[in-house]
Amino acid sequence: MSQDLILETKNLVKAFKGFTAVDAVNLQIERGAIHALIGPNGAGKTTVFNLLTKYLTPSSGTLLFNGKDITARKSAEIARLGIVRSFQISAVFPNLSVLENVRVALQRKEGNSFHFWKHERVLNRLNDRAMQLLDDVGLSEFAHSKTLDLPYGRKRALEIATTLALDPELMLLDEPTQGMGHEDVEVVADLIKRVSVGRTILMVEHNLHVVAKLADRITVLQRGAILTEGDYACVSADPRVREAYLGVADDEPQAAAVHSIGPDSMGVAAGAGA
Amino acid sequence: MKTAIVTRSKLNLVLLLLALVAPFVLYPVFLMKVLCFALFACAFNLLLGFAGLLSFGHAVFLGTGGYVTGYLMINTGITPELGILAGTLAAGLVGALYGKLAVRREGIYFAMVTLALAQLAFFFYLQAPFTGGEDGLQGVPRGYLFGFIDLSDNLQMYFFVLAIFLFGFWLIQRTVHSPFGQVLKAIRENEPRAISLGYNVNDYKWVAFVISAALAGLAGSTKTLVFQLASLTDVHWHMSGEVVLMTLVGGMGTLFGPFVGAAAIVTIQNYLSGGELGNYIHIIMGAIFVICVLAFRNGIVGQFRKVLKQNF
Amino acid sequence: MSTSSSREKIRISDLHAFYGESHILHGIDLTLRQGELVTLLGRNGSGRSTTLRAVMGMVGRRSGSIMVNGSETLKLAPHRIAHLGLGYCPEERGIFSSLNVEENLMLPPTVRSDGMSVDELYEMFPNLYERRFSQGTRLSGGEQQMLALARILRTGANILLLDEITEGLAPVIVQKLAQVLLKLKQRGLTILLVEQNFRFAAPIADRHYVMEHGHIVEEVHAHELEAKTDLLNTYLGV
Amino acid sequence: MATFLGINLFGLFGQLLVGLINGSFYALLSLGLAIIFGLLKIINFAQGAMYMLGAFAAWMALNYFGLNYWLALVLVPLAVGAMGILMERVLIRPIANEDHLYSLLLTFGVALMLQGMFTHVFGSSGMAYAIPEALQGGIKLPFMYLPAYRAWIVVASILVCAATWWMIEKTRLGAYLRAGTENAQLMQAFGINVPLMVTLTFGFGVALAGFAGVMAAPVYSVSPDMGSNLLIIVFAIVVIGGMGSIGGAILTGLGMGVVEGLTKYFYPEASSTVIFLVMVIVLLIKPAGLFGKEA
Amino acid sequence: GPVSDDKVKIGVLADMGGVYADICGPGCVTAVEMAVEDFGGTVLGMPIEVVSADDQLKPDVGSAKVRQWVENEQVDAVGGLVSSAVVGAATKVLTDNKKIALISTAASNAFTTSACSPYNVHWTYNVAAMANGTVKPIVQSGKKKWFFITADYAFGHALESVATEVVQQNGGEVVGGVRAPLGTTDFSSYVLQAQSSGADVVALANAGGDTVNALKTAAEFGLTQTADVAGLLVFTPNAQAMDPATAGGMTLTTGFYWDYDDATRAWSKRFKERHGAIPAMGHAGAYSMTMHYLKAIDAAGTDESDAVMAKMKEMKPDDFFARNATLRADGRMVHDMYYVQIKKPDERRDADDIFKVVDVIPGDKAYAPMLPECNFAKS
């Protein structure tokens, strides 16, 4: 195989007391791809994320990042290696300015974070880079406002900018559009597309519209195990996926009703998305 | 923005001038006491106000600095600046050890852990052979600064203490406004996010703890020289409570608050200890706590700022 | 009282609500009749959740009037409101970490006798049955959402206030939920639904209110949907 | 005398039993603290003062109103609980939504005030309170003389602790309590009168301290500072047990009593520090405490 | 003039709200004020002023206050002086400034031995007198095996070591001991250990609440039936706090008992009227010492410290408190001490009737001889 894998899990298992949430998962993420992880509720998607970032310790199995075994690393170390996740809940520093939010992330690489005797103005040299990142996500006009006051969608964008500041090789996004109105979903989806250039993204998402639009490759989890893998067309055509996850839409009058309303740009994505 | 900076530096200048003439007007020993406690409270506030960690055992560091300096001054005849340095280092070391344990927990848990660790230290100092037990270390010589400035003179001692205080205060405000301070602030705002950005938050809290402990030790060492004694009161949990009170009264999370709070509490104590009201000291201190928490959570400086902001 | 108003389960008039200093709702008027399923649509932050919370007495300050079953609730202590037959499913789910799944399910006191049985609920959400002894917050995001909904179906409440219940659920479950809501409606329950997911809400709702900046700006009946698609597009960006 | 490895076994048994007696005291006090903390997230620094208040109330009941020990055992916890309720309503309620550190500071202030007031009125030397008639004397065990009153302490405390544990962990009321502290607003929306529940819980936790105070009056001198030093030990016990764990507080209380008892036998100088040492070790190995859940 | 600043100012440093407040707190202030009034309110034609302060039992607070008094507020002598830790710190400041320390209630014997000073006057009692007074008669009565329950800090250790010496000098033997941390509430472990040691006498080398608690526990566990319990330092308020049924019969030594004779009763009655409770030994000592100080100023014709000290040591103290007394060159006031027994419930008239005086111990038998290096008369 000549694939260039950025991340690979081998027989990854996570057992909670009397319950195996992730069961021998072999995940292979190609460099440069947008890879989506989907599956029914409780399939183990968030748990896989937690294992990859070491918020949870695997019961067994190995994690390989760029071919190196990272199974024993701590979560902060993993972040420093270049695997950064965004949270389901909005994760910003509410009382810092928008610019400072990004700067805190940029600062880590400066190596002066323990320098308590230096004046903080040494950080000003990071401002340009920070502004550039804010520009990327369309937040430059808000640079000096307090983060607390930003609308929800913008906070999400800021969070992505902050994550980008770490220049991660691999970004993990857990339901990035959850709780968003239609417009924001579009904005964030575009944003993800844009920032995916030159890096790898692994995301969990229930909004199939977004998945269809973004994902190069999809892994479907069910009961902790991989059900199938492939691109969107291939996965959505799989009858097992339809039964376990998508629902057998066409046979039901209600779902049919769903189809009859609004612009139908989503194929089988009955009942999902906006 | 610009005018704010100007008025700020003007304010600093006025305060400095006041500090220089004060000992000619007020009783210098009283002023030195205020400065020592102010430094202690400022050091404490570095943790509480800027890292969001309430240490309920900060007296340990005050006391450790005091005991080490006192012991060395009595038994080795080193010069006072070295004695103070040693006390500060010792407090920093204890802080490093205690901090390692304490930063593993957060919030009220952190407070309880520091309190219990402090009790451990208290009993150690009570029983250790070199602390003089209940009597403490009495008759600590003030000695000659750099070998030739006689500190037994209250005025000279005062300026020495003032210099120490200014150094400590400068270091604290620098720490707050440093790259390190930025990270601390971020951690306080959203700890999980800071972790996910790759910061080992416990290490940062730990460094803040050590700085705070060392500076508290510096305050304790200095206080020992001023009063020429080191005693158990400095390591008792009441003292840990008092520094919280000072910070609360002055305004936590503000740079000047702890200073103002320390001055206020020391003055009140001084006043109470002299009169009929001595009987009521615990009741009054308790009442101040209650009133501050219920009505004045911003403290004197915080309240002052708020009023300024609203009116200008 | 006339029969039509006695079938009026909720009547909100000129409702204002505040969080501290900020004025969020600016005079809401809406009514819900028995057996109706009505949705509140709108963008993020338009005040839909706040409307539900205001009914439950969970906002800082309110003025105006909220009648439930014909009696005024504005002056009622918050814990009395539920006993009028209201069940509330919050958008943040509100699963309790100190209780296990079953304890969470059994937690809300029953307010009427004809709620769904635990067996029925487990049948509807098999995930919950499987995980019934694990800590509530250890459930996956979607499972928590199921639990939050199941919990109030048990209480027998006949007016349901549901806030974004499809959020984070797999499409297959979302479809099932649509059936469940229809079934509840047939049983005569009254439902006020806050939804982001218009495709879910549209086919099952009788009416829609559209909110913007704390006002209700439009009321759309199910049969008008086709006609008003453009209008909805501008309000919701659908 | 029976010895084993040079250790006087009878002496050891005696110390174990005495440790258990003290432990049941710790259990009672840490239970009250753990309830208030675990359910309300309030560190009640005034718990020690409430214990002191309980002992003084028993003393006052006897000396001013002629109410005997048994009546005091029932009435005093009620009275102290009522004090707690008042305190919760007047002082703690207004800051319920602030950082929990404030309630710690507030109760710290209340503790200082109460201690100061009692010192002012009753002096600091302490008051004597006799062991009730029915519990005087003792039982001769092979290895020691067990005063009847101490036996009573163990029995009564363990009963109270067990009943409380059962109520909180196993009943519906307990579930309301636990849930109500996590998300009070939502519980209200479910139809539960949370403020009332919080007040009553605080009152109950404080009443436990009052109860312990009455239990203590006949064996320890009734003095204003009786609670303040004990309190910190009890804090340590709650930390060791895992804050918020009701069962943990009880078991750790008993266990630490025994550990302390053994220390008093083998190396008395360390007896005041041993609990804090255990705490440090436990924190190193299990930061959440022996019975605590990882945060 | 002969009087500095045209007034004689006496500071009273005491514990106003802490654990020693009943022993020498507001009561010591009252006693000193009574002395000033009884003296006539003026000396050498100049007014006598009394100021007081709470040391909060903190050496730093106490010494700071004293420093302020003598450096800034023209105080000539400081009375009261309770906790040894505070007194140690305070006397250093006073000596540095050549002002007189009138120590009424501190226990340590250091102020006239290892930390002696030409400006220290130590009046009421000290640990040596307590140990000598209490231990000797018991050992001599044939109870030879001793066990110590000692408060684990400087004061307790000192008391234990002085007492141990007395036990051994009189042919007794120490069969064991435990060091109980200060402020221990539960003494049952220690009592069990004492019980199994087979001692005839269990000595309590502690003070205040510790003594009360230890005694209570000893009675509860039946120790009082098998052995004698001796309190080495018990003040009247502590004795009052003990249950007479358990404490009755215990013997101890005191520097003063209010109900000793008409003279003590007369003064104590006046004191109780003002203070609300019968005097502890430190209260009477503070009065007696202040009187002596004022008389010495009068006799010296000045309030200058060296002259006053010389006069105080030259004149023999003699009043209802100081019987057969001398103020030695080292500053130790040596006077009759009282070996008393706590009355049982049926022996008591009322709540104030607590001691039965068993024996009067002449001062030279009670106090240790003067150390040569503390003989300030020679220099």
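Think of it as A, B, C, D and E in the order they're written, each chain with its own count starting at 1.
Here is the rule we use: a residue touches a chain if its C-beta (ideal position, glycine included) is under 8 Å from a C-beta of that chain, and two chains touch if they have at least 3 such contacts.
Here is each chain with its UniProt name: A, C = ABC transporter ATP-binding protein; B, D = Branched-chain amino acid ABC transporter permease.
Just so you know, these numbers come straight off a predicted model, no measurement behind them.
> Using the touch definition from the top, list the chains contacting both chain A and chain B.
none
> Need the most distant chain from chain B, centre defined as the mean of C-alpha atoms.
So the farthest one, by centre of C-alpha atoms, is C.
> Could you find the chain whose CA centre sits the greatest distance from that of chain A?
Chain E.
> Taking each chain's centre as its mean C-alpha position, how far apart are chain A and chain D in Å?
48
> How many angstrom between the C-alpha centroids of chain E and chain D?
36
> If you average the Cα atoms of chain B and of chain D to get two centres, how far apart are those centres in Å?
Whole-Å distance between the two chain centres: 33.
> Just curious, how far off is chain D from chain C if you go by their C-alpha centres, in Å?
44
> Return the residues of chain E touching two or more other chains; collapse runs of consecutive numbers into ranges.
Only 17, 152, 181 qualify.
> Go through the chains and record each pair that touches.
Every pair of chains meeting the touch criterion: A-B, A-C, B-D, B-E, C-D, D-E.
> Quick check: in the complex, which residue numbers of chain B touch chain A?
Per the touch definition, chain B meets chain A at residues 171, 174-175, 177-183, 185-186, 189-190, 192-201, 203-204, 207, 211.
> Can you list the residues on chain A that touch chain B in the complex?
Within the complex, chain A touches chain B at residues 53, 74-77, 79-80, 84-87, 91-96, 100, 103-105, 107-108, 110, 112-120, 122-123, 162, 166.
> Inside the complex, what are the residues of chain D that reach chain C?
172, 175-176, 178-179, 181-183, 185-186, 188-194
> Give every residue of chain A touching chain C within the complex, in rising order.
16-17, 19, 39-47, 88, 151-153, 175, 178-184, 206, 208, 243-247, 249, 252, 254-255, 257-258, 260-262, 269-274
> Provide the residue numbers of chain D that touch chain E in the complex, in ascending order.
Per the stated touch rule, the residues are 8, 10-11, 14-15, 18-19, 21-22, 116, 119-120, 123-131, 138, 144-145, 147, 149-150, 219-221, 223, 225-226, 229-230, 261, 264-265, 268-269, 271-272.
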